[in-house]
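Consider the two complexes below, in which subunit A is the common component and subunit B and subunit C are the respective partners.
And now, the complex of A and B:
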């Protein structure tokens, strides 16, 4: 039931939203309530989006537990970003945070409560009172399932507001007109392969992060940087992709987090020689040193041949000395995770661990209205007409070089809403659909249909998706993870370039139209490849250590040369633009050493 | 309800096992690779029902934080857990 180009179904909406996590659903709700026609395209059922995995909570200076205000929150976020965050966007987000929480409460999110009935707020790392003073308690949570509660509430609100959902459809590429206006996307139905063109006056990308770039990651399989790939192929650079947040103790080869609490209870790391390795790297704090220090220590041990296991590719987290009773009482979740996934009981056997990729700080460059912005001549941030992005796929940039816990849910909700509000205004001035460049539509359709043909028997150069993906993830782990220097990164640049070249020869064996997951995975790999190119090139070029980007050959932050955003595009390679250091209404926070 | 779904209701486990949490991806896909092919018709229906659960409910069941009162679901959960580190 292949479709030919002339018979392809076309649907028109005011706004197309690609991605149905918290950012996409917050935006769609705002738009649907403004009586606009909104299509939400999601490759999985909306409540299976990765927002569901966010456990920690959402920051807002409500001052319910400790004295607090948005300006302190702003300071912490700027400092946490290692001064790469844009201060206008950060001010906007921190000021908007309390309202965002109250809105969610009204949508039905069951926030945990204090005895006095107010919303409970927990303390998280990096939160302070009075610009770096005492610990603040700023994170609002719905027990340990905040993301789940938010996602389900937003989905139900969208059903009520009559948002139009295209569940299990995959968006392949954006369509534009000859003047560069973005006018929707070509999508296909994963269930039956049917191709469809969604024509929209405005398009919002809300596709989440790209954690699947790495072999060891906490991210779900769906996090393949789809919106970022689409943006790159539409000629839009990706911003700050070298900044990727890692957690030091993921289960090796699997990725799931083993919380810091395990080391807090007395657990410690040992290498292949049985040595307690952190005593060398952090003699005082040892295993409780900061995440980046512990992550790099593990990576160094493995690189220098002191890893554990047959491949010497991890270290061990020892908990067995704590005794079964302590582990069962204080770390039951970790114990269950190890039993379920590894078949080992940490009360008896150490846990194999390795740094695990967690969060994409970089992404599609936007301003604080959610508009996608690109450099045009001397203007560093010219909006792309009709195109918006929000959430982890976007780089607005509120996280800069390093995201603070509790700020990611806040980011998706504040900027999902902000983008929707800008779209509402934009549509007042842009009431009519524009005509797409049909040639570009046909090219995308042809790209989808390419996989409908079986590989030719004479085609000796064909590559499989599974092999290329495996090589890419291993390459990124080896060359763009927590241990970075010129030599390692240069080798990584060469390898990723070669992999991207080989991507052109990808063939799939499944030509069916029903749930052809092989085809979906081929497009996902294409998106990951774009993200990988941006990340490795940007990391190789940035000769300093800032936030999550840590170089062993350039160990200091260099504000004079590098307090600027990286931009990487297929067309122009690397480019840079200044950090927006001027907030909206308060004084700038000048860069200072990031000491906690 | 404004939702586009195809008329083809044939269940494809692989795509239904794409979830919002890595833990579920790993457990469910592993089960599809190694254990699902041996399910009889009745067990397949139970698996389809399990896949229709919200992610958080699934996670609680598969990590043993809760136990289903439905014996068939509870039994299948045990099978999935057993195959997870094969």
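And now, the complex of A and C:
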């Protein structure tokens, strides 16, 4: 049962990690092995985290299949980001990639293998040799279940390292003191409703993306932008939230992901005329152009009447020419998904696909050490003491305007580890817990208790979570999708503002303290609202087309005015900061027209 | 479409009961999870169950569906007799409604030391493994820890604290079969005795219910064979 504020259980740790996907678990492993006390708080059992659903693989210039080096990978990533990625972070990530993969392999990840016993690498979108030359095979894969293989191995290593897990606890908000230090979080045990205060010298947000913003999505139901919402409420702006990736090949109308690896293994897209459509949009890379490019191509084909099916509302992904053996060996997971959800075997029948909400490029602004950074006076990036973020919830930004396939698993592992290493150093200098801010704690506790009272009959303005969430997802789908313009976005801004206002009237019918998922969904929706506000406002303001943000009224990229990061906060609305164009050791890649 | 769903909230219910729900306009091909989500959204916020990925990868929504354990998100309503009877997975304590306490299941998973053990210094690149060696892990590493198998196993129902159960033993096999692992002997030793492994009586419920099409009984058989050849 819920209790008095004074009797709330308090626990102290060196580090609190919120989220147990790949980023959180990579960090916790590093910290546990450094003999620090770590609490990993996750609203689901760790192996349910969305990393588990990653399919195609993880990029690293191992050169097991084609000649390669990290600098080529860096070029592809900068170009893929449409020059909005921060080049210091990108250089760091691409240099660290091979080591990150070898570490995983040593942790036990069952990577697919080449005949010589080395890790199998497949072709993926936007990957080239020699700065835009031939297609590179850079994506390390465990069949098409790479995320599952990685997440389970990381969890297993954490079992070995005896990491302290708080499974099925929901983190509601960060505790902050008057000097701006983050001191941990208030959480509650989903199983019994008990509120708990976790006091921590450092807190790492690793809560993943916000794909539940959209009606049709490849994302798990748990991807509700929790860390982003927490950051916003702690006064931290969200960065580049207008850049949301639509994966070219979600199952049409349903949303299940069909890995880019399907095209990497030789699959291709055809339109209603039976034409291999990508030859027109990306003559060289064809089906392995960047995701934003392929998604736009599909959307244009459908819009111009060249779609497939009775409603001409999708295109087809053709794999049957690969033969059953290749499909069973390299793509067994998506084969099963097609059989289960569509009743078709891709070894015989093409898959109906359409661009589907997939990945949050934006997020909590950090530097390449994982420190959360905010503008303070004339400094655009001042670290928030004690607070870190890594993975999809963060914006380092290695993905800029468009993430390359295979760079997401890489991001979580490289920056989960980097954040942990910085935390280890930080704790050497900051040995003691700061006293908890009781005012901050009490506010959060009161918020959690808000849903403990049943809705009263005099409550005329009552709203349900389900209705508001449905409206929000439809609004984002209609107003913040692959193509955008001023009118559509303005309407979207107004609608989301109204929805956020109505959020205040949400009531729930379930007052139980035992596994109250209705209460969890209410907090999740609050987090989604924060993300939606940031996304739609940032999209409305950005009058150019870059990466995944395509404006039909501003069709060109405008480097003069817009090669800068958006920042949106509750307090200040929109603000901007420059892109970090200077890499660590090599020459900067200046913006160029982006052709595939 | 009609549903009969197991309900229990320890705060308010002296004992479990069955509640009936009805949904209109259920389209062909709808999965059970989608129906449960609709019931929760449209009719009854208090109906509680776990769920996440919605495509059979995360293993959250294992439940007993018309008498068989399965994942709600990949069980099509087309294939189910009405009314659809939904209960929590059997053999473990119920926390609320369709949500079971999985602690014992996870404890048995941890008991097999499910992590790669390499004692030699690690090379600065990958440990090599031939495609053939890697193939031995197929059918073992794909487990999603949904507990459908273990909670369908009579041997586990009788001895949940002593018999490790099919899911944990599948994991044991996953590491025993890994050419990179250097704890082969200890792993087999760890499974000695009448209960941990040998309580498997090849009833094969685990094989019939596994939503990922895996075969824990076969994996257990492979371990048994290794133990026998080791003792000879």
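Basically, the second predicted complex is superposed on the first by the 491 of 596 C-alpha atoms of A that agree within 3 Å, B and C clash if a C-alpha of one lies under 4 Å from a C-alpha of the other, contacts with A are read in each partner's own complex, and residues count from 1 in each chain.
Definition applied: a residue touches a chain if its C-beta (ideal position, glycine included) is under 8 Å from a C-beta of that chain, and two chains touch if they have at least 3 such contacts.
On a predicted model such as this, the values are computed, not experimentally measured, just so you know.
K.L.:
Superposed on subunit A, are subunit B and subunit C clashing or fitting side by side?
P.N.:
clash
K.L.:
Regarding the shared-chain residue A:115, is it in contact with subunit B (first), subunit C (second), both, or neither?
P.N.:
So A:115 only meets subunit C here.
K.L.:
For A:107, decide between first (touching subunit B), second (touching subunit C), both and neither.
P.N.:
second
K.L.:
In the three-chain superposition, say which chain, subunit B or subunit C, touches more residues of subunit A.
P.N.:
After superposition, C is the partner touching more of subunit A.
K.L.:
Mind working out whether A:509 is in touch with subunit B, subunit C, both or neither, as first, second, both or neither?
P.N.:
So A:509 only meets subunit C here.
K.L.:
What is the contact status of A:276 with respect to subunit B (first) and subunit C (second): first, second, both, or neither?
P.N.:
After superposing on A, A:276 lies clear of both subunit B and subunit C.
K.L.:
Go through the superposed model and pick first if A:164 touches only subunit B, second if only subunit C, both, or neither.
P.N.:
Once the two structures are laid over each other on A, A:164 reaches subunit B alone.
K.L.:
Does subunit B (first) or subunit C (second) touch A:156, or do both, or does neither?
P.N.:
Only subunit C; A:156 stays clear of subunit B.
K.L.:
So in the superposed three-chain picture, is A:189 touching just subunit B, just subunit C, both, or none of them (first/second/both/neither)?
P.N.:
Only subunit B is touched by A:189; subunit C is not.
K.L.:
By the touch definition at the top of the document, which applies to A:303: first (subunit B), second (subunit C), both, or neither?
P.N.:
Neither: A:303 stays clear of subunit B and subunit C.
K.L.:
Subunit B clashes with which stretch of subunit C: 93-101, 111-119, 129-137 or 183-191?
P.N.:
It is 93-101.
K.L.:
Overlap the subunit B and subunit C contact sets on subunit A and report the shared residues.
P.N.:
Residues 44, 47-50, 52-53, 145, 148, 152, 159, 191, 220-222, 256, 333, 336-337, 340-341, 343, 514-515, 517, which sit in both footprints.
K.L.:
Enumerate the contact residues on subunit A facing subunit C in the complex.
P.N.:
For subunit A paired with subunit C, touching residues are 44-45, 47-50, 52-53, 101-102, 105-108, 110-119, 142, 145, 148-149, 152-153, 156-157, 159-160, 191, 220-222, 256-257, 333, 336-337, 340-341, 343, 464-466, 470, 508-510, 512-518.
K.L.:
Enumerate the contact residues on subunit C facing subunit A in the complex.
P.N.:
Interface residues on subunit C, with respect to subunit A: 9-12, 29, 31, 40-42, 44-46, 48-60, 74, 76, 95-97, 99, 102, 106, 110, 113-116, 118, 122, 124-131, 133-134, 137, 141-142, 144-145, 175, 178, 180-181, 213.
K.L.:
Considering only the defined contacts, which subunit B positions touch subunit A in the complex?
P.N.:
1-8, 10, 12, 14-15, 18-27, 29, 54-56, 62-65, 81, 84-85
K.L.:
In the complex formed with subunit B, which residues of subunit A make contact?
P.N.:
Residue list for subunit A touching subunit B: 43-44, 47-53, 145, 148, 151-152, 159, 162-169, 189-192, 194, 217-222, 254-256, 333, 336-337, 340-343, 514-515, 517, 520.
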